[in-house]
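The chains carry the letters A, B, C, D, E and F, assigned in the order they are written, with residues numbered from 1 in each.
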Amino acid sequence: MILRMDRLQTELPMPKSPSPNDAAALQELLGGKYGEMSTLMNYTFQSFNMRGRIQIRPFYDLIANIATEEYGHIELVSYAINMLLTGTAKRDPDPVTAPLEGAKDARNSYHYLASGQAALPMDSMGNWWNGSYVTCTGNLKTDLLFNFNLECQARANKIRAYETVKDPCARAMVGYLLVRGGVHIVAYAKALEKLTGVDVGKLLPIPDVSNKKFPEARVHEEKGLHRKLYQFSPTDYATANKIWNGPHPEDGQELMFEHLPKDFGVPVPDLVAEPQINAPLDPDTLADLLKKMK
Amino acid sequence: MILRMDRLQTELPMPKSPSPNDAAALQELLGGKYGEMSTLMNYTFQSFNMRGRIQIRPFYDLIANIATEEYGHIELVSYAINMLLTGTAKRDPDPVTAPLEGAKDARNSYHYLASGQAALPMDSMGNWWNGSYVTCTGNLKTDLLFNFNLECQARANKIRAYETVKDPCARAMVGYLLVRGGVHIVAYAKALEKLTGVDVGKLLPIPDVSNKKFPEARVHEEKGLHRKLYQFSPTDYATANKIWNGPHPEDGQELMFEHLPKDFGVPVPDLVAEPQINAPLDPDTLADLLKKMK
Amino acid sequence: MILRMDRLQTELPMPKSPSPNDAAALQELLGGKYGEMSTLMNYTFQSFNMRGRIQIRPFYDLIANIATEEYGHIELVSYAINMLLTGTAKRDPDPVTAPLEGAKDARNSYHYLASGQAALPMDSMGNWWNGSYVTCTGNLKTDLLFNFNLECQARANKIRAYETVKDPCARAMVGYLLVRGGVHIVAYAKALEKLTGVDVGKLLPIPDVSNKKFPEARVHEEKGLHRKLYQFSPTDYATANKIWNGPHPEDGQELMFEHLPKDFGVPVPDLVAEPQINAPLDPDTLADLLKKMK
Amino acid sequence: MILRMDRLQTELPMPKSPSPNDAAALQELLGGKYGEMSTLMNYTFQSFNMRGRIQIRPFYDLIANIATEEYGHIELVSYAINMLLTGTAKRDPDPVTAPLEGAKDARNSYHYLASGQAALPMDSMGNWWNGSYVTCTGNLKTDLLFNFNLECQARANKIRAYETVKDPCARAMVGYLLVRGGVHIVAYAKALEKLTGVDVGKLLPIPDVSNKKFPEARVHEEKGLHRKLYQFSPTDYATANKIWNGPHPEDGQELMFEHLPKDFGVPVPDLVAEPQINAPLDPDTLADLLKKMK
Amino acid sequence: MILRMDRLQTELPMPKSPSPNDAAALQELLGGKYGEMSTLMNYTFQSFNMRGRIQIRPFYDLIANIATEEYGHIELVSYAINMLLTGTAKRDPDPVTAPLEGAKDARNSYHYLASGQAALPMDSMGNWWNGSYVTCTGNLKTDLLFNFNLECQARANKIRAYETVKDPCARAMVGYLLVRGGVHIVAYAKALEKLTGVDVGKLLPIPDVSNKKFPEARVHEEKGLHRKLYQFSPTDYATANKIWNGPHPEDGQELMFEHLPKDFGVPVPDLVAEPQINAPLDPDTLADLLKKMK
Amino acid sequence: MILRMDRLQTELPMPKSPSPNDAAALQELLGGKYGEMSTLMNYTFQSFNMRGRIQIRPFYDLIANIATEEYGHIELVSYAINMLLTGTAKRDPDPVTAPLEGAKDARNSYHYLASGQAALPMDSMGNWWNGSYVTCTGNLKTDLLFNFNLECQARANKIRAYETVKDPCARAMVGYLLVRGGVHIVAYAKALEKLTGVDVGKLLPIPDVSNKKFPEARVHEEKGLHRKLYQFSPTDYATANKIWNGPHPEDGQELMFEHLPKDFGVPVPDLVAEPQINAPLDPDTLADLLKKMK
């Protein structure tokens, strides 16, 4: 079970130019086959399902910590999408003026017709995330390879998304995820190495492009964020450090396992009201409610 | 973002008679249209996406707390499924003996062919959970009604599952969820009441069968578990008590909002190894690994 | 737009041995790729969408009449399924006795967990009917060929279903549909003939098995039901007889176009309550309601 | 079973500016999760499946009448889409001139590649309508709540579609459906009230925006159309008036149950030929056919 | 089993104006319900599954040869898509410059985010090809009718695609496929004729537009390509000529069955690298690899 | 493009005990996420789409050869399924006797209702194969890792299928595929090694169970079949031997690249007629046809 904190793992700057089609593209990182819903759900189910975990506790703890971090990633991508959609329609509560007129040319119409100018668990083509994206054979070696591959595919995804959207809000999000996803890649490489002795880390980077090419990733790596695995639990999942140790395969610096700092991240951004879609409510209802709630 | 604890929200007794088809039926409560993946994901996305939340904080906090609790529910259903699948195949590591022979007649073949005798995000017919089950219009009133209906449909689901499976492990899980899902029904009823003045709670129970008919639910209600909403956060989401208060619509007792107790729940059960599917590893590999890991 | 009558197109005898798996198999005729939902929706959309219909009115009228009849076919298959599911669980309102225990071994668990022992728009494997089964190019010739093929594939489906289920309720339904579907096959063959001069009817029967092999079909053909196309409208769609005329391709008898007789069909069967699933309500609630409704 | 009439429930003005992307957006109201295919199919299956209906006849009759009206709604949305697509391609029968060139930038390519510039059972993103959108537990209370929620979600959908498309053809359609969908919302609220005594109608409107804001809805409400439930049957389903009675929850005026007037609606519009897609036929074939058909 | 040759069945000119939306439209011919994946897979499974083939060898051989040719068709459509996508992004390996910026407005985002500016088994709306498009009843007559219809629907698809895209690369592809698909239509017509005596060929063309209207098809027909069925095997499937013989139904010329000429087709085009998506590799990695591979 | 030969890659013994549920389980190896349709289509599209292939020809040739072999694998799995379904229904052409009665309890009803007791592109739960299972980023390193993982997941699948079905027909098929799939695993490991220098082969076997445990695999490995990569082309794709060389990672023996031997495999088995499903035709029609075809 979990506790939740009303914080984002990294700060997202206000978008410079909100854009429905930027938001549509970023959905690939949320609900795509290789998006954050997939990493979250793969590791979550693998952790629920792991058999014989008493004997192989460090692997269990590693996967559980990463699964937990991924929740913050679906959150982060969702907020980036939501911020990019904020203000993209006329803020006119009179439907007759067709405040959503622009929506009919947007690539993703669900953002306006089916959600409150906000994220849904779908990909960049509006195909829904689904459970067939989850693999969980129960065999540790097979699942670790799957995870290693999943993270590398997800990294390819992120690089392409970065190349597609320019807005600083989106790029801050992608840059951060490149770093943290990079931690997961290394984590699964290390886990495979513990199991087999093969220096899987030498395969990196996959795709063959360094995170250094991405300024919004570099800024975090310069602070060492790519070398830290966090214990995302008050007291549990502590033995992941039996796997997460030794040198980072790309820069040789020492890996560190740390309890998640108390002040990690930033408060979640507020998303302003969009009266034309009655989100959160029609202005009159809202006023009434506020009166009642005093 | 979240922290995770290696605990289940309630204790699950060891199954009396592990059964593939019991496990298959319970998948409806996990990955069905009205299963726990749906409640988790609906409220999670609604909380990520809520606009103007500063003004309507109690509603935001209510939904966020419930979303957080739901994570524990997908965990609970998954463990019940996993426990019911444990031991349902011959524990013979020699494939020639066809240790999975029984799997070919099991209703859900994925449990053996695609997972390690364990849960996946699908329903009782093996249809994958998908994002089309998520509704999030951004209009508070519309979303609250959706949630109220979702919880009632989910309750119908649980009652039917209870009537289908007899094993105490399954029924302990369903009984607990009837109570906690009941809390969510009341929570959304109260939220609608705050908004409109209508005593929505008087519609309950939906379906028109009392939780009192279910001994495994009654045991929790006698301890008052149906009247408590928990703050599932170290410090955030604290104003939900502006909605969660007053008398319980079914028994008139006072509702309580409490911080989740430190010792809530129980340690997660261990799932024993199943060598015939090499979960977690082939016995020889496992022995090698354990030697190395010392 | 439509008017509805509370009647079934043919009488269904009470099942001799209600059976979940018989019901599951019959779903193929309802929600399968070649089931009645498909014939209904293909012709319905083709009729909504037909361009230039003023000039080719008889074709429009033909398709519209058939589309209308198909509604009665989804109804008929649904009732057969519902009747075969009636009484297949213990009628015990106490959930503790697990009245749905048998459901866990039924091939289609939705019949118990997600519906009231009743039909849903899915096929025999529990895959949902979906709109990709609809073809509607707007080109009359292409659409007529599609329809001709669709009806022949649907006939293959029906024959296989007949060979699978023995219960007289199911066979009365299939026998009737073989005859009426046969009318549609001939109708589309005639339409193609009007357009091209090719005697398409000579291709029949497809599959190459005569309706005469099926006693429950024969009984209707002996009354001439295979030669009648009905005008399913108080006043519209009357020119279909410009296509539906001449000899029947299989027995050479004259085709007839008739207004649907006033007394066509029979009253819909009542479906008895199933208290274990609270359908229609829990007995106590029902009693209360009946008191109030007096 | 049904009879069909070649009439639309309300008149649709000729579009001012036919537009592929307007048509694409409107598909949400046809084949979306909360579109008219969903209301049609939910109530249709609920009526086929209702158990114990003899005792609770008014509820059965209510749902059956509404189900029947919904058929007219899929028809109405389809015609609006078809009219908005008419004339959106060059009317040149010579393929070499690429008369469909504009289609490659249209949001919904199926309208040109897979249909005759016409509607299909899909939503605004081209995802097919599917049977998972149907809920039918068999428990009256649970199904009525589902229906009430479905209609409110569908209303949110319609409001958003209205705000997206400006063309008078589309808005006439949406305005009419807001009124008639409003009748269904009230009908299910009344049904829940009969069952529980709760004044569910006081929750309205959901979303919290009045129909009065929509001139194309207001025009019908001024004529009282929001207070009439129609008996969509020559002789059956007559007891719905035991539920549909008393004051309208929003304006307090008396509700009326009436037999559908003989002259209800208007003749269906003709859809002109589109020769570039050979709809209904290539001009030469058509000429030949007309000669033969004389 | 098969052997593969690195050749395309016909030459594709370099696109004049590469275009993401042209490529998106052509996906309908690849992964649509009536695209080449469907023809390939239908005939392939029908050939694997045909029972009693010893007695009806010519039908088996006919279907097997056509199935084999279809593989070349998915290849041809894929190359056309790939060529139309080549050069549609800035060739800048620096992600910071957002070389894929245009992708966010492209109708099919997968072409950039999920593939290397290249084809995937999906349709023009990004819906994935799936196995429900395959029909294979095992009854020869029923399957032949299905195939005949499938090819005619596929022809409608091709005509619409031709009308949508103007680029000579696309049209060379479509023109060729109209001719070869035309051969398959005739082949299934002849097969039905052998079985029933009905001159099915007289129904052609379906849709009712001659291939002669398409210059890129005409050029092949003038060389007689529409009259040749090829034996796509070194030694097997030779008896198809018992079906493929007699006059062509549209021009009366003699049909010919020939062994596939040794020099059939042309070498596959090279697809140049796209460094911005690291396809095939980042330039530095590629240089390293080439050094190592010497 | 391809040529086809009427041969299976290995001999399949007649089943000892034909079984619908064995056949149902094997569908996972055909149309599952990790079945042979997936390996076939992934490599096929990767080969169509590979950019810059002139420079990295050996990788192109490797993937193309493997893709080509995979066609033989979907064929092999299909035949095993078909043989296991042969004779599983009463061979009575009279439908009245319900020859398919057993089908209603079979796990996969499509085998009887929708196919001729034969394979379809679906998995063991009757979920259709779909294009979302294809990954093709265009980046060689990323795609090779994907392929390596895909083959390992597919191997896990095969092992589980082997453990589920005992029939010698099924096991001969699985044993052979374990060996040939093993070749593909090594091939992608070698390719990654050429690219990165990492000895990826040392990770094997994945899952951690040797092929030696499977007698039906061992028999082929003893003949060296696990060390041979075949050139599946008369003249093309010849440079794969620049990657496929050196010692086998598991037994150290030398790898060999060979042209596919002329006499490779065996003639495809005949599948006997099943008159009850009119496959290939009703006996009378068949007799007529044979007379005509003389």
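The rule we apply is simple: a residue touches a chain if its C-beta (ideal position, glycine included) is under 8 Å from a C-beta of that chain, and two chains touch if they have at least 3 such contacts.
Values in this document were obtained by computation on a predicted structure and should not be read as measured data.
Counting hops only between chains that touch, chain B reaches chain F in a minimum of 1.
Both chain A and chain D are touched by B, E. Interface repeat of B-F: among A-D, A-B or C-E, the matching pair is A-D, sharing over half of the residue-numbered contact pairs. Here the CA centre of chain B is 48 Å from the CA centre of chain E. Each chain gets a centre from the mean of its Cα atoms; for chain C and chain D, those two points are 23 Å apart. The centroid of the Cα atoms in chain C and the matching centroid in chain F are 39 Å apart. Residues of chain E in contact with two or more other chains: 33, 107, 114, 125-128, 132, 135, 137, 139, 141, 207-208, 277-278, 281, 285. If each chain is drawn as a node and touching chains are joined, the picture fits none of the line, ring, star or complete shapes.
According to the touch criterion at the top of this document, the contacting chain pairs are A-B, A-D, A-E, A-F, B-C, B-D, B-F, C-D, C-E, C-F, D-E, E-F.
Of all the residues in chain B, the ones that touch chain D in their complex are 33, 127, 132, 135, 137, 139, 141-142, 145-146, 148-149, 152-153, 156, 192, 196-200, 202-203, 206-208. Residue ranges of chain F in contact with chain E, taken from their complex: 1-9, 31, 37, 41, 44-45, 48-56, 58-59, 64-65, 67-69, 71-72, 74-75, 78-79, 82, 114-122, 128-132, 134-141, 194-195, 232-237, 242, 260, 264-265, 270-274, 277-281, 285-286, 289-290, 292-293.
Taken together, the chain B residues at the contact with chain C in this complex read 19, 21-22, 24-25, 28, 32-33, 107, 124-127, 157, 159-166, 207-209, 213-215. On the side of chain D, the complex with chain E involves touching residues 94-96, 98-101, 103-105, 107-110, 112-114, 125-128, 276-278, 281-282, 284-285.
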